[in-house]
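Consider the two complexes below, in which subunit A is the common component and subunit B and subunit C are the respective partners.
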Partner chain A sequence: MGFYIVKRIIWLIPVLFVISVVVFSIVHLIPGDPATVLLGTEAADPALLKAIKQKYGLDKPIYVQYFLWIQRVLHGDLGLSVTTGRPVSKLVAERIPYTLELGLYALALALLLAIPLGTLAAVRKNQAVQWLFQGFTLLGLSIPRFWSGTMFILLFSVHLGWFTIVNFPSFMGDPLDNLRSFFLPAFTLALPAAASIARITRASVLEVSNMEYVLTARSKGLDERRVVFIHMLKNALLPVITVTGIYAGYLLSGTIVVEKVFAIPGLGRLGVDAILQRDYPVLQGTVLVVVTLFTLVNLAVDILYVFVNPKIRYV
Partner chain B sequence: MYWLLRLNKAVLIGSTLVIILSLVAALAPYIAPYDPTEMHPLDRFSGPSAKYLLGTDFYGRDILSRIIYGLRTSLQISFLSVLLAALWGGSLGVLAGYFPWLDNLIMRVMDVMFAFPVLLLAITIVAILGPGEFSAILAIAIVYVPIFSRVARGPTLAVREETYVEAAQALGASHWRIIAKHILPNISVPIFVQLTVQLASAIIFESALSFLGLGTQPPLPSLGLMVSEGRPYLEISPWSTVFPGVAIALVVLGFNLLGDGLQQALNPQLRRRGG
Partner chain C sequence: MVKKGQLLRIVGLLAAGLLAVGLSMTAEGPKYGGTLSIGITQQVLNLDPHVATAFSSWRVMELIYEGLLRFDKQLQLQPALAESWTVSPNGIEYTFKLRRGAKFHDGSPLTAEDVKYSFERVLNPRTSSPLRSRVSAIKAIEILSPTEVKFVLSKPFAPFLEVLPLIYIVPKNFEEKVGDPKVKTLGTGPFKLAEFGPDYVRLVHNGDYWDEGLPYLDEVIIRQIPDPSTLRSALRTGQLDLIFGFGVDVTTAGAFAGLPGFQVISVPGLNYSLLGIQNTRPPFNDVRVRQAISLAVDRRQIAEIVYFGRAAVAGPIPPAVSKWEPLSPSELPNYTRDLEKAKALLAEAGVSNLSFKIMPIPTVPETIQIAQVIQAQLKEIGVTAEIESVDFATFLQRWRQSEFDTFVSLNSGATDPDIHLYRHLHTNGSTNVFKFSDKVVDELLEKGRTTIDFGARKEIYRKLQIRIAEQIPFLFLTYPEIFAVMKADVKGFVLLPTQSIVLLRETWLDR
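Right after this comes the complex of A and B.
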């Protein structure tokens, strides 16, 4: 097991290297001179262009440029935003908490919804429950988030006035107010994940319910609730954890659309706005940070999985 | 083709939805009541009526006509991108599964692609190519390549070990003949099912890209773009936001039902589990 974890961590090095090369290439792949791309204006002052070229070593061979760039990145220097002139590292750091909270909140909501629903659908065999469950999961998987989010705003904010979605207070300042403001965006983000996790939960509980130990538990005369929660659910959760792990990274990166819908100043919106404003240093920094976060979350999930799953011995 | 007999309700409802909506998209120029970009300044923000069945938007453009054309755009982009992904990914998967010396190289590249969050990968590609339909097609296709490569690799690995392949090799059949005669027939069904399943998510993907302003550009109609264009006027005229979303949900629902049903019909394991 220790070996697997070490191997998994070492594998991180080539992955992060390739990611850095891809992110570095963005500026060079965009048609046009990299210096003009970095300055953001096409008719820039020639003296300024020359200064930029010298500063970033753009007159040197491409691999030298990469090493100069990665050196700066490792020192926390992601360059300057073209539109605001502020350091990209600062811009990104300000946005991380919003995206992180939104992702974690959504993950929690998805599990709170999916596990009870999936278990209920597996245990209660009657037609109405099955239809409702199929309806919920199919709709959850079929409705795009940007639309469901918009409809939630229309219904719960505009018409019913239950949630305000104007500002997003910090969690430290007022936790309850914060959780309330983030509820609709997190719920919107959670729905497709909840539908998918609920399906796995149902299938997994169904599979477990045919096991002999469940039959034994029942024939011992155990309370049905005890059979379901202790004997079935505990054993059925493994596949659920696998899928949840996949969704953990996905939810963190899937916030792009939801941030746009609810005007949350997170990383996703920073990246999309950067594309629309052709602010490539910001785009580069955002992509680098999000992909690194995503990779680290996936690594954490893989390692956690080894501890949760005693049946699998990795070699 | 005995599995055709096992087609269930999901497949029937799903394929009906898909067929109807595809026909609507294909026949757009004949059935749309108005030109999708034609403005009617006197009828801005009108609700559903006999003249405009689903109402009009900010510019007084007919929402129903825009949805019909938008559906056409969305389906074209999603279909082309998934098809490209199936071709590229499928070929890579077959190569990886058939030639052991290529396996490690190809699958490691796919692993690195999986290390990128999908939507971010897509918007980065769009950032490089510039927003537009062509970029959207390429971006979605590249994102789906690793999925298809995995789907194609598994069966290829299994078939390669079969006795009949060994026999073909002994008879002197070339690699390409073996791939064409023995491998391709075995991977076509899983690839086809995956195509249906991924079409559903590609449609959501395409609409998300155009919602973010990175796909189809105005004034051309696209379902995701319509939702984002209607949002500022949500309170005075919800129609221009509500109906395009319903259209996306319906078409995605159709493909989801079809994909689920096909997976169940073709995968005995799933059926036994009642999944």
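Right after this comes the complex of A and C.
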């Protein structure tokens, strides 16, 4: 198994290399350039444009720009933002905590919602529970986050006054206040994932409930709670872990919308602003960091899977 | 019966109560202290006073830096870092006496050296300052004494004084002093930069400000909230005190109008919406086609539909700057809708089944709405306009390279007609993406900037307005009002037609 993990980590190198080429090409293929956007409709002086392009090395051939960029990236330098002139690594570092907290918080909320709901819906066969479950998962999956986020703000912040918006105190300063201020955005982000994981949980629990070992557990007179939580859930959670791993990655991309609606200065917003302004260094840096995070999460899930499921033997 | 003691006590209480009411009523003077939180939808990118171009950057810089002169509420020039000035009769020499007691935020006094350095930094091509063309008339800067500086122009440049509020004064060797001027500042203004966070800027009171007694506020926080609906909610929930700028429009104003605890203010704007035309593309190279389009467009309807009536319909000079006597649409040729004449002009030009594309700015929703209204209006003279949707960077690239039939956008206006019009309409204008070229317009523009006498200039610009309306290089459409919404206890805040919030120096909180 040790060999398997090492192999997976070595595989990351070509994957990240291909990603860097793809990221760089896509960013430079979109029409428009940062110098043009920087000047907007205020000036059209070609000399000024040329001076700005020269300053950021945008006048060099694209493959030269790539090699200069990758060389610096390998030294841990992501370059300077064209629009703000600040180091990209600093911009990214400033914003990563917001996105990570939002993602982890949402993941925790999604699991806290999905597993009990899914299990309940599998075990209790009465009409009301089924309706509630179907309603929750259908709405959760189909309502887009920019709409649900805006509605939550209007309902819980503007009308009920339960949550503050826009202000995000640091976790270290005041953990409770921090968790409270991040609740609405995390909940908005969690909903679609929660709905999906709940469905998988329900299906999976239903499947194991027909297994012979469950019948055995029941017939030897075990308490129903013990049957559900120890015998059924433990085995039903395997597919749930796989799906959760995939969703952990999707949650990272979901933060883009949620960060805009809730005005959270995270990585997603940094990336979107960079696209609009054609700030190549920032865009490349942000995408590279996000994609690396995504690959690492995938790796972690794969490794975790080996531990959880001893039936599967890799190499 | 009420006992004497009780009565006295009641009278005493009443008197105390009345006194308290009286005191609170007489306490009308501004109060010191407090933090004002402002929300805008755009990101503050760069604070280099001679390089930054973004709206959001200007709003922060104008609180930290100052020019030799400043605009007041009526857009009149007032002394700022210059106490007084004289202009030589031939309009070539401008002499400024600098403000005594003005200090930079590091405590060093303002000198003529600093003024010279600041203008030289703008003029230096290596700075790549977008302001450079505005001061390129300067031939020499002479230091007469530590507090007196003289500018010598290569030829008369009438709007020279109007440019000065935008040229911020920084100390000599500014770059060495601050390190990185994009994120560090050193100005003379009423506020100092305390913190430049990922999505906010925190400014604090400058205790050494030369205009004694100002500013009233302890702190100003300018926060970026990209979603306009979240911006409104944050004001409703009390997390913000003031919102303005992009996204704070007539709909926002309507949502807060009459809501207790909030006040909505509006001023006529200098910025205008336009339908840009590529003048060298057939059939637009025929002036009759451009006139026909102008005659077919109902500007009043655009103001009603897109701006709910909160926009002025006007020609080449903004109605907000009344001293230049802007001509109204009824006084201008081709600015009042006349479908028959439009059709006749098209027939005369031999154009039938005209169809072309309109490119709005995707990030500015009102330009899309304007394009839709124009599309419907042009249908009435049998012209087919197709709306072309591109992203912002592509828009800019095509705009810059004049790769369009027509486009709808917003242009920032200016108080002086030369700054307002020259760059767009002169054959060699820096933003003449319309590729418009007319000898008469060029001559009038040149005469307008080199004539010093105000009365004579006004007459030149009257002729120019009519010539522009005859030629229709592009369609001036509407000058929308600009809005700000704030809590009722924010006092003394005035928005300028330029969207400037520089009067925050006189704003206070009644808390």
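Heads up, the rule we're going with is that the second predicted complex is superposed on the first by the 274 of 315 C-alpha atoms of A that agree within 3 Å, B and C clash if a C-alpha of one lies under 4 Å from a C-alpha of the other, contacts with A are read in each partner's own complex, and residues count from 1 in each chain.
Keep this in mind: contacts are C-beta pairs under 8 Å (C-beta built on N, C-alpha and C of every residue); 3 or more make two chains touch, one makes a residue touch a chain.
Bear in mind the structure is a predicted one, so any value in this text is a computation, not a measurement.
Asks: Going by the contact rule set out at the top, does A:142 touch subunit B (first), subunit C (second), both, or neither?
Replies: Touch status of A:142: first partner only.
Asks: For A:291, select first, second, both or neither according to whether it touches subunit B, subunit C, the two together, or no partner.
Replies: first
Asks: If you stack the two complexes on chain A, which partner ends up touching A:36: first (subunit B), second (subunit C), both, or neither?
Replies: Touch status of A:36: second partner only.
Asks: Let me test your reading of the model: by the given contact rule, A:265 touches which partner, first (subunit B), second (subunit C), both or neither?
Replies: Second partner only.
Asks: Looking at the overlay, does A:68 come into contact with subunit B only (first), subunit C only (second), both, or neither?
Replies: A:68 sits against neither subunit B nor subunit C.
Asks: Which partner chains sit in contact with A:120 here, subunit B, subunit C, both or neither? Use first/second/both/neither.
Replies: After superposition on chain A, A:120 lies in contact with neither partner.
Asks: Regarding the shared-chain residue A:206, is it in contact with subunit B (first), subunit C (second), both, or neither?
Replies: It touches subunit B, and subunit C stays clear.
Asks: Identify the partner contact of A:306: answer first if only subunit B is touched, second if only subunit C is, both if each is, neither if none is.
Replies: neither
Asks: Once the structures are superposed on A, label A:91 by its partner contacts, choosing first (subunit B), second (subunit C), both or neither.
Replies: second
Asks: Taking the stated contact definition, name every residue in subunit A that is touched by subunit B in one complex and by subunit C in the other, in rising order.
Replies: In subunit A, residues 30, 150, 153-154, 158, 260, 276 are touched by subunit B and also by subunit C.
Asks: In the complex of these two chains, what residues of subunit A are touching subunit C?
Replies: Within the complex, subunit A touches subunit C at residues 30-33, 36-45, 47-49, 51-52, 55, 83-86, 91, 94-95, 150, 153-154, 157-158, 161, 164-167, 260-263, 265, 269, 273, 276-278.
Asks: In the complex formed with subunit B, which residues of subunit A make contact?
Replies: Where subunit A meets subunit B, its residues are 14-15, 18-19, 22, 26, 29-30, 138-139, 141-148, 150-151, 153-154, 158, 199, 202-203, 206-207, 249-250, 252-254, 256-257, 260, 271-272, 274-276, 280, 283, 287, 290-291, 294-295, 298.
Asks: Sort out for me which residues of subunit B touch subunit A in the complex.
Replies: Touch residues, subunit B against subunit A: 111-112, 115-120, 123-124, 126-128, 131, 200, 204, 207-208, 211-214, 224, 227-228, 231, 234-235, 238, 241-242, 244-245, 248-249, 252-253, 256-257, 273-275.
Asks: With touch defined as at the start, can you tell me which subunit C residues reach subunit A in the complex?
Replies: 39, 43, 45-46, 48, 53-54, 125-126, 128, 130, 132-133, 180, 182-183, 197-199, 223-227, 229-231, 233-234, 236-237, 239-240, 363, 391-394, 396-397, 399-400, 409, 411-412, 430-433
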